[in-house]
């Protein structure tokens, strides 16, 4: 049952920029936004080519196709039934412009990660968001999994004690060999001008980094980085190893690559505190392994009894009925929608809805990328983030 | 991209009977039908109470709420934009009537399992469906998982040789103790008049039974059954053990219960042929373990290379991005929609779309239930199915 | 530190009948008996061929080789430093004779399973053992695993409540095809005269059956059996499915085969009581999964804190250091030795040492085999065990 | 069947220095050396206290107890039936002296790790060993597991292509809190004078480091290290993170700690080459996961078909029968014995026997420790090993 419909008497209306019929992440956004009936996708610009943009909107079944973001913003901001929020799903180097324009036009924003190309852009975007008072979400989709939220709740409540060691792997295999898309230039992810200064850091490294921050609420103060590529002939980074140092002497480690031949998805984290550990693997997302200091390890399962409300609200099916990546993503939209509804209604926001990843998180992600590159350039020296 | 929209120029229109705002399976049907844009849910009767039916439709956001199935069938069959198909999600004892009425009104039908209460009803329903030439799906949702389809394709192509042993567990724990719903009579699943003669056989036993048939294409000729309850004070069956015999001397076994204290969902199958085995567990649905006779066991993953087209079309996200129960269910609707579109268009059906479970499968499920009860009543004697 | 040496001032002395240089189980017995220094293997008859028996003893390094069991019994019973115990590791049809002779000669006996060929022999052997007051162990080696003992202790203490469902798989693959040894008659396991009336029941079925009894302390009152072979051209049984009924209405199930193409070892059990479940798999023997009714599942590990003394005494290395099949077998010898030492010393036995499987268990195993065959012959009828 | 007995006509004779009745590793060495009948333990000095040394030898059942290593070396070197080899199991700071004395007395040496305290000692010991022509093994016991050897064979044969990424975790939990042994000074591992300059590097870090070298045959050229402690009040290191760089641009990573609250044993490795990956976890030692670039992941199992001879000779039980830590350790002794027998007989050594870890490996381990400490002292700077 949609909270938007219940409280506002209508679905929220979403406009999408980017994410055409062939786009993986475009389909995810649309299906996630509508899964629980919070949003209807009513407007869109699905290609940077004006003609294809209109055709694609029709094909995908979006009622109001536009030929450009500018056209969408102008028209929708004047309609009574105009969109409430914009999802920016374009190549990375246009996130900043479209997000700023969307805010200027009065819309809430859902922005793909990495937030922007430069730190300066990120900070400016955050400042603007705060001025407008709108809601802004950065699509770190993995934080929508119920058991990631359960992990966060358990750390916050002290179940595993003071955090001592944080580790995240993101060891993919899909770039274990040179790909057509990087050889012929058709894959914008491989083009630093569109994707930003480091493929591996921006594409998936920020996910690992954010996940550790999201779960522990801790921001590291320093990092040391080894960022390189391991596939011969590749010009962009496909490997990074990062060490993190926290204020309380805790240590963090990341191993992130897309070039692990035979690897699948490979995202997960292991976090040890003074009283125990937590282990989560994205490929079995419904499970969270808890390792107490003085008791046997136990397995929490999505939908089980006694989970934190933030995990419960992110789980929609009974225990043992798997929910996946799409459902995790939908949870970001659920919280984002809840926040928007409260914003529109003038209510103070439901605290649980604020667990979605924010533009501020996005700024931290960009700072992480640049700190890692500085460290790499200085032979792995410890850099302040 | 919706095949319906591409070919018909519009989404298919679905009407739902049953599955109100509190219903687990009701929400699943609606979200599954719309996930890939094949169907819009445009009409519904969401309660047997006329007043609540109208309120519920409004609440859930279904445009055309009706106070009774009869009203819906009459009105929708006369509208130009009337529904194409009806989903029957009511208590078991009304499946037959509503399905027959839906067919009579000219609609395709999606029917929850078990198909009917009696074998006679099932056979009559199947006969009527064939006469009308409409499409009919029975919601054995677990067959929508990509790796279940992969298993079926591998058996069909002989990868594991002639089938010798088939085993399925469905060992749940949610009825390990007496529940409020059975003590106060509010849970219709516990009422044989509404649910049929055996809770355990009808509620989940048919899933295990159908899964083995679906994967192997084999129908057993005889069974021996032990059907009982193991929780003191319960009046309905919560446990069954079934042995199956096949024409080729293969042996099958089912262990199905809802009363395993500490059990979670517990559905899976293990099938051995002369050349190897296949193992699948619903709680890790993206994986299929293959055990060849003369080589190491290997793990196929949803989204991986080299899978059968029937598995590929049921997988919508890249390898390592989990898809769950909702997505499996959506695959039934995808195939059902594809069949309907071909039916409307007068095309011969896409063979891959015909992998969805049919009314004929539903009839076999009812036959299984009665054969098991006969065997139980005869002290476990072997009964012809 | 050997308890025998500590208390008696010397190692116990073991004589072995059977188990020559090529024998799998012969090597296991010798290595298990000596692992913790309880026994020295000082005498043996390692072949039924007198010449080869002497050569083999020399080859294996057994000080006193004999040409026949009779010669061994006569000589050893008259030596001051004669053996304390005899291990009977010969083909099944000679277990009875050699065990009776060993008892008559004044020795304790360790006997391979199945105990005997006929029930009558088993009962006679048990009677004789009791008359002599000697110690007798039947080599159900899997009961020596620490976590099997932990499971037994947990059932006994009521952790999972009254037992409701018992299940054991033993699904091996090594006879998935006809083997040279059965075609040329060289494998005595395939010869009913030497091995007994049913390969599958005697060879591994008794292990599954005994394991359930060992862990729960419950003996079933009735069984129904389907015993057959599934490999074309085979003359002995390679498959059985068994249902068990217990006095308290609990239900048991066995699925046992050696003909699962691609299967490995495949022994394990799942037991549910009114308050939770236990799952153990022999291929990961150091772990016991506990599924409480109202709490998350947890994993007990060998060597961890808080285990029952019977599990602790069977674990010799720190947590996380795997112990295997050989160590499990050695635990039988440890307990057997402890019992013998108390017997020799005239002390009342250490209760924990009495967890080893006894001749009485062996008799129950034979009764199980014959009850299963009677049921099979009567079309699966329920038979009293 | 013992190769020593077959070829020499007798068992090899082992003398042990250190490893008294309470010692974990002492019991392992004795049980490993004798498991397959290669060695008899015939002499020993089991305590640095002369009186206790004699008592302990008697208690453990070692025929010739000595009051000091000097006494043992003198006496055994003059006996006709004197020991062939010495196992040095004393605290780390005496490994050098006793090993040098053992070599001087004409014995082969089995030395616990870490080999010595200083690099200089290690190099001197290696030089002396070569001069004497004796066999020397360093007890990196984890290399004795069959599937570790299989991994090495697969890397050598190019199955996973040129090595690109190497990772090893060794994340234990037994020092997650301050222990009695470090507070009262009774645990020599916590005393740098006896244990060497870094607890974590010497105690378990060298295992991870050696395992990567053993499997890949690659020695890194540089490392960067973060070595510290994370438990408040501890004076020795309990955490290290290490990055490795190899000549071919491959990258390595270690995460090693004994202070992971809730951690168990936690040793394993993941290695990716250009054509695939290998994953092994010590707590499930019988399995090796292989991840090919273009095919599904498969699981090799100890005892399965088609393994490399070096893995086969290290596996003594049929597939599915677990073998553990003790058996792995015994494989070092088996190879060491084989080498000694060839050495005594004047035969060229069996190449497969030379897979045991050598004194040269031990020297590399010491070099690793000191390079890591230099890097730590220089703020994580890359250091040549």
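Note that the chains take the letters A, B, C and D in the order they are written out, and that residue 1 is the start of every chain.
One rule holds in what follows: a contact is a pair of C-beta atoms (placed from the backbone, for glycine too) under 8 Å apart; a residue touches a chain by one contact, two chains touch by 3 or more.
Bear in mind the structure is a predicted one, so any value in this text is a computation, not a measurement.
Asks: Where the centre means the average of the CA atoms, what chain is farthest from chain D?
Replies: The most distant chain relative to chain D turns out to be B.
Asks: With contacts defined as at the top, give the pair, A-C or A-D, that has more of them.
Replies: If we tally the C-beta pairs in contact for A-C and A-D, the bigger total goes to A-D.
Asks: Provide the C-alpha centroid distance between chain A and chain D, rounded to the nearest whole angstrom.
Replies: Chain A and chain D have C-alpha centres separated by 44 Å.
Asks: For chain A and chain B, let me know how many angstrom lie between their CA-based centres, rounded off.
Replies: Computed from C-alpha means, the inter-chain centre distance equals 35 Å.
Asks: Find the geometric centre of each of chain A and chain C from their Cα atoms only, then give the gap between the two centres in Å, rounded to an integer.
Replies: Chain centroid spacing, chain A to chain C, equals 56 Å.
Asks: Could you pull out the residues of chain C that touch at least 2 other chains?
Replies: If we look for residues of chain C contacting two or more partner chains, we find 290, 297, 301, 304.
Asks: Write out the stretch or stretches of chain B touching chain D in their complex.
Replies: For this pair, the touching residues of chain B are 290, 294-301, 304-306.
Asks: Applying the document's contact rule, which stretches of chain C touch chain D when the two form their complex?
Replies: 1-2, 5-6, 11, 21, 24, 27-28, 31, 34-37, 59-61, 172, 174, 264-266, 282-286, 301, 304, 316-327
Asks: State the interface residues of chain C toward chain B in the complex, per the touch definition above.
Replies: Residues in contact with chain B: 160-161, 164-165, 167, 171, 173, 176-177, 224, 226, 228, 230, 239, 241, 243, 249-251, 253, 255, 257, 259-263, 270, 272-277, 290-293, 297, 379-382.
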